[in-house]
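First up is the structure itself, then whatever we jot down about it.
Just so it is clear, A, B, C and D label the chains in written order, and each chain counts residues from 1 on its own.
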Amino acid sequence: MQFLSDNAAAVHPAVWEAMRAADAPDSPYDNDAISRELDGAFTALFERDCTALWVATGTAANCLALSAMVPPHGGVVCHREAHIEMDEGGAPGFYLHGAKLMLAEGASAKLTPNGIAAVVDPIRDDVHQVQPHAISITQASEYGCVYQPGELAAIAGYARSRGLGLHMDGARFANAVAYLGCSPGEACSGVDALSFGFVKNGGLGAEAIVFFDTALANVVRYRRKRAGHLQSKGRFLAAQILAMLEGDVWLHNGRAANAAAAEIAAAAGDRLLHPVQANEVFLTLSAEERAALRAQGFSFYDWGVDGARLVTSWNADPDHVSALAKGIAAL
Amino acid sequence: MQFLSDNAAAVHPAVWEAMRAADAPDSPYDNDAISRELDGAFTALFERDCTALWVATGTAANCLALSAMVPPHGGVVCHREAHIEMDEGGAPGFYLHGAKLMLAEGASAKLTPNGIAAVVDPIRDDVHQVQPHAISITQASEYGCVYQPGELAAIAGYARSRGLGLHMDGARFANAVAYLGCSPGEACSGVDALSFGFVKNGGLGAEAIVFFDTALANVVRYRRKRAGHLQSKGRFLAAQILAMLEGDVWLHNGRAANAAAAEIAAAAGDRLLHPVQANEVFLTLSAEERAALRAQGFSFYDWGVDGARLVTSWNADPDHVSALAKGIAAL
Amino acid sequence: MQFLSDNAAAVHPAVWEAMRAADAPDSPYDNDAISRELDGAFTALFERDCTALWVATGTAANCLALSAMVPPHGGVVCHREAHIEMDEGGAPGFYLHGAKLMLAEGASAKLTPNGIAAVVDPIRDDVHQVQPHAISITQASEYGCVYQPGELAAIAGYARSRGLGLHMDGARFANAVAYLGCSPGEACSGVDALSFGFVKNGGLGAEAIVFFDTALANVVRYRRKRAGHLQSKGRFLAAQILAMLEGDVWLHNGRAANAAAAEIAAAAGDRLLHPVQANEVFLTLSAEERAALRAQGFSFYDWGVDGARLVTSWNADPDHVSALAKGIAAL
Amino acid sequence: MQFLSDNAAAVHPAVWEAMRAADAPDSPYDNDAISRELDGAFTALFERDCTALWVATGTAANCLALSAMVPPHGGVVCHREAHIEMDEGGAPGFYLHGAKLMLAEGASAKLTPNGIAAVVDPIRDDVHQVQPHAISITQASEYGCVYQPGELAAIAGYARSRGLGLHMDGARFANAVAYLGCSPGEACSGVDALSFGFVKNGGLGAEAIVFFDTALANVVRYRRKRAGHLQSKGRFLAAQILAMLEGDVWLHNGRAANAAAAEIAAAAGDRLLHPVQANEVFLTLSAEERAALRAQGFSFYDWGVDGARLVTSWNADPDHVSALAKGIAAL
């Protein structure tokens, strides 16, 4: 009974089907008919013009998007616990040619205008200090918390007022939209580029970088190839993404994962370290409690000395989820 | 009847089957059971110890391999028409942090010790000139020509004598081995790292970087993640590669593509611009002749003013191939 | 009466004299007779074999030294307020090709093994996290505090135990040695490369990178040229450095600046924010007090809301220093 | 009797005098009064608005200027024998973060629109090939040949028509203007940024990057610091440059060096390999002839098997020059 990660979950049947259907001769790279559908599909989804490029991983999506916003001598404000800072093996340093991540604070890994300003305001506008050029936020955050449209608007307003680009790491964008119940466009309003994740949510190996600023996309086209991320059989990536968008599979999957997490969260009660708004549950569990749960067959990661992280997948087995909820309640 | 490229050809059924079979929960990244089989599989194939890492594209494979051999202030000797120089959108400059490609000459895009020495020897060992650190060769070459073991030994000997690393771009390694009829190990003897291509030969989106020098692999593990090429569902890439190795699918596919090219080459006779040893046919065709063939339903790229490039795939339709051969013979 | 910085102070007469004497034809770059004396001069000074390269600035010295210790995918542990983090305009990101600065805490901008371990220990040895490859410390620190030989030995021991390189930013190394009263070699014992500063201490535009590990120097020779820091009339940089070493001008100058700071510190008493061990005085001064001192003709930088930074130069005017000390005492 | 290089020649007395005069307290970096005079001085010289930044070397000047014109995924067209390609230790790869030098042909190391187009035209506008973003030319060229205003206008027109930036490496700009007899502005008309060299012409360690496009300068301010080229005692660099501009010392020095080269060229007659328009003489000399001249006390570099390069300095001794001219005539 696996609650380690949504990262390695199964592939959704609709994705498999679309990939098989894509196995007909077509043009290589992103010149095929399927890849050419992406812009339209995302424009419809977000109800505003956008350009979308597929890549294989969230790290590539995040860093390629940022590489078009930030010059090598600039900086990106992100949360101290952001994925780009903590878990991408230094990829921002590589893709941004040495630009700097500027680490801000905020509860549950969410930024606020104040938290951002605390980093940005002390920077003198002189050449001795790296100047910020963009902000990157994560929707849902690394602690499974979601920016409300109003919170997002405040950050976007701050970004605009300072001339900073705004990037959203949406590795779990589906979970955020599922939680918010708003339109996809509202969940990323004011953002210049969104890394829209599918791999954690039923995809096999395809994420979309959605650009609401077309000029950025035109730079990233070159950067994607230069990074070795322009797959020659790109039609199989496009097919995955379209299959996830078709009939809102992405959203259904996000809801399913969220529901599983909510069930566990309800059982965890006061143990919760962060509000559970997406598909991750961070909770207090002593070493003995963790051992007890593991003895019952549950696998998950420790979180610090006295905690654990539980992640639910789009296809979480309801019996496993209930069992885990009961197991926690019974501790 | 498509002879444009092997790049976008169909996926082999064994690859599909293996991918579907891999759709069971396992550890993410390359910690899954399938990924862990790669080293053994390639060690058996090459009959010497090696470490293999999957990546999605040949560009990533080539540049990651080279990034472990060449410091940012160094250079790589390659052919003036090498893929890394001509067709990778500047990826070597990115992955090698500004290291320099040093362009050598050689018939049919093959290097020779003399051709390499003509580039290397004039370089003074002083800090004003970039110093070479590696050589990259392509097996089969960009013109579909193959290094014989003796030719390879001569280059490897030169590399060793100068303390240079040796990388082989094997985007069409299968075609080369199929042509040579030797063991896979002989076809890359003396090489430190091989980009072993599967995508052009029946794969979907997986290539292997095979390191005969384990220290290089240990650097590239970090570089792969840093480049956003460590896919979380890496088991699907490993599965593709193992499926291609299993029962020598890779070699059968290479032979099939070569045979198709050979049939066309036989019909082309004196028109051939390069010996046909793999799955590419470069031949003289006037604009009128090209138009005539295209009118018969054949699609292919122009090659210069009076030529064409025909590429055959692992699943080339024998009727199409025969028709093209006849069409050319009839010109 | 200027206490803003030692950065723009006058050039020592011995430096001018040596530069004029160097204005005779010789080989360009560092092939001249004067540049060739550097290794010997520093070897004598440090009483162990070393190789020294001149560069124009401390930023170049620091970043070139580190570039030979840290691969692009690695990291450098430094203090959160280190010059390389705060004041070099992102130069480490540039010179280290995107490697990461890992920020540690410590009183008065000095690192300790515990402070370093607090950063290093939580890093899992996997590819998702940047791995440390070096430590950089500043002697004297950005708050004018000095590592005692024992403190240095503890850090060097930690570095060795973790396989990390050790770099010392010695922009104010002279002040540190003057304070310690030990031999120059003791003040940088265990270090692999030292940025030995002269510009703040009477030089015009020359710093030395002193390598106790010759292999590093041989890499940096190439990197220096590649960074445009190999001046063709390098003899003028070498001449500055030799003039500063000759007769221990560097040490006399360091002592003079320290003495001036000590005089001010004695007057500041409880106002001191950090021990005064070099030529910088950080003290509590209210806005009114600062205004009062400025009205008396003293110029200096604010330090936060209620503080000031006073820096003394090698040629600080004793009357100005006494006047400032009195002015502070009288507040 | 030294004809090896102008690189290591003596410093002009006016430069020494200005440097000594600059040894008074002022603000650090480029905030001093002298540095602030540069924009005005160059605006007067070039008779159009410009912004000028000092740096220590020509390599830094060239690469910083280009770094503001060319993104990391782009390319720069330059001559196959350009200094940036041949002699800067890979600095363009470093400063431009892996952008590519695209090598064009042209007599005497001069580019022409046709030579540039031969490189640019075959590049498909797709992501597989690096796209050009700028052209770099050298005035006077690496073979001491000068672009006439008409030639320059043709290249500038081509650059504009393709949307490419235009950079001029003016390491020997003084020699070019001296030869042309035109205004300085005419000698670099149409150029976006000029590396104006002083070090080979009487300076000690200061070159100017002159931007006719102010937006570029504002980027390079950050890049200069990031490259460790913002010297804290920058007033000494500014002073050198102003001293060279004052009373047209730069032009007088250029004329003197040119005159010396012309005297030698006249003696060389049919031996000349390139027209002698600046201060370099490339001529045919057999090994025996070179030995004979060296036996007479002349030092110079071989140029290939049967040639030599003679470079004259601003302060070439007339007796040495006449002796060399006679020596060559007598061969």
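What we mean here is this: a residue touches a chain if its C-beta (ideal position, glycine included) is under 8 Å from a C-beta of that chain, and two chains touch if they have at least 3 such contacts.
Being a predicted model, the structure only gives us computed values, none of them experimental.
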Discussion item. Of the pairs A-D and A-B, which shows more C-beta pairs in contact?
Written reply: A-B
Response to the item:
Note, CA centroid farthest from chain B's centroid sits on chain C
Discussion item. Nearest whole angstrom, what separates the Cα centre of chain A from the Cα centre of chain D?
Written reply: 50
Worksheet item: What is the distance in Å between the mean C-alpha positions of chain B and chain D?
Response: 42
Worksheet, complete the sentence: Averaging C-alpha coordinates per chain, one finds the centres of chain A and chain B separated by a number of Å equal to 34
Worksheet item: Which residues does chain D have that touch at least 2 chains other than itself?
Response: 72-73, 88-90, 93-94, 97, 127-128, 222, 225-226, 230
Response to the item:
Listed in rising order, the residues of chain B that touch chain C in the complex are 71-73, 97, 127-128, 131, 219, 221-226, 230
Response to the item:
chain D contacts chain C in the complex at 2, 5, 7-11, 16, 19-20, 23-29, 32, 55-61, 63-64, 88-91, 93-95, 199-200, 204-205, 222, 225-233, 235-237
Worksheet entry | Footprint of chain D on chain B - complex, ascending | 72-75, 86-90, 92-94, 96-100, 127-130
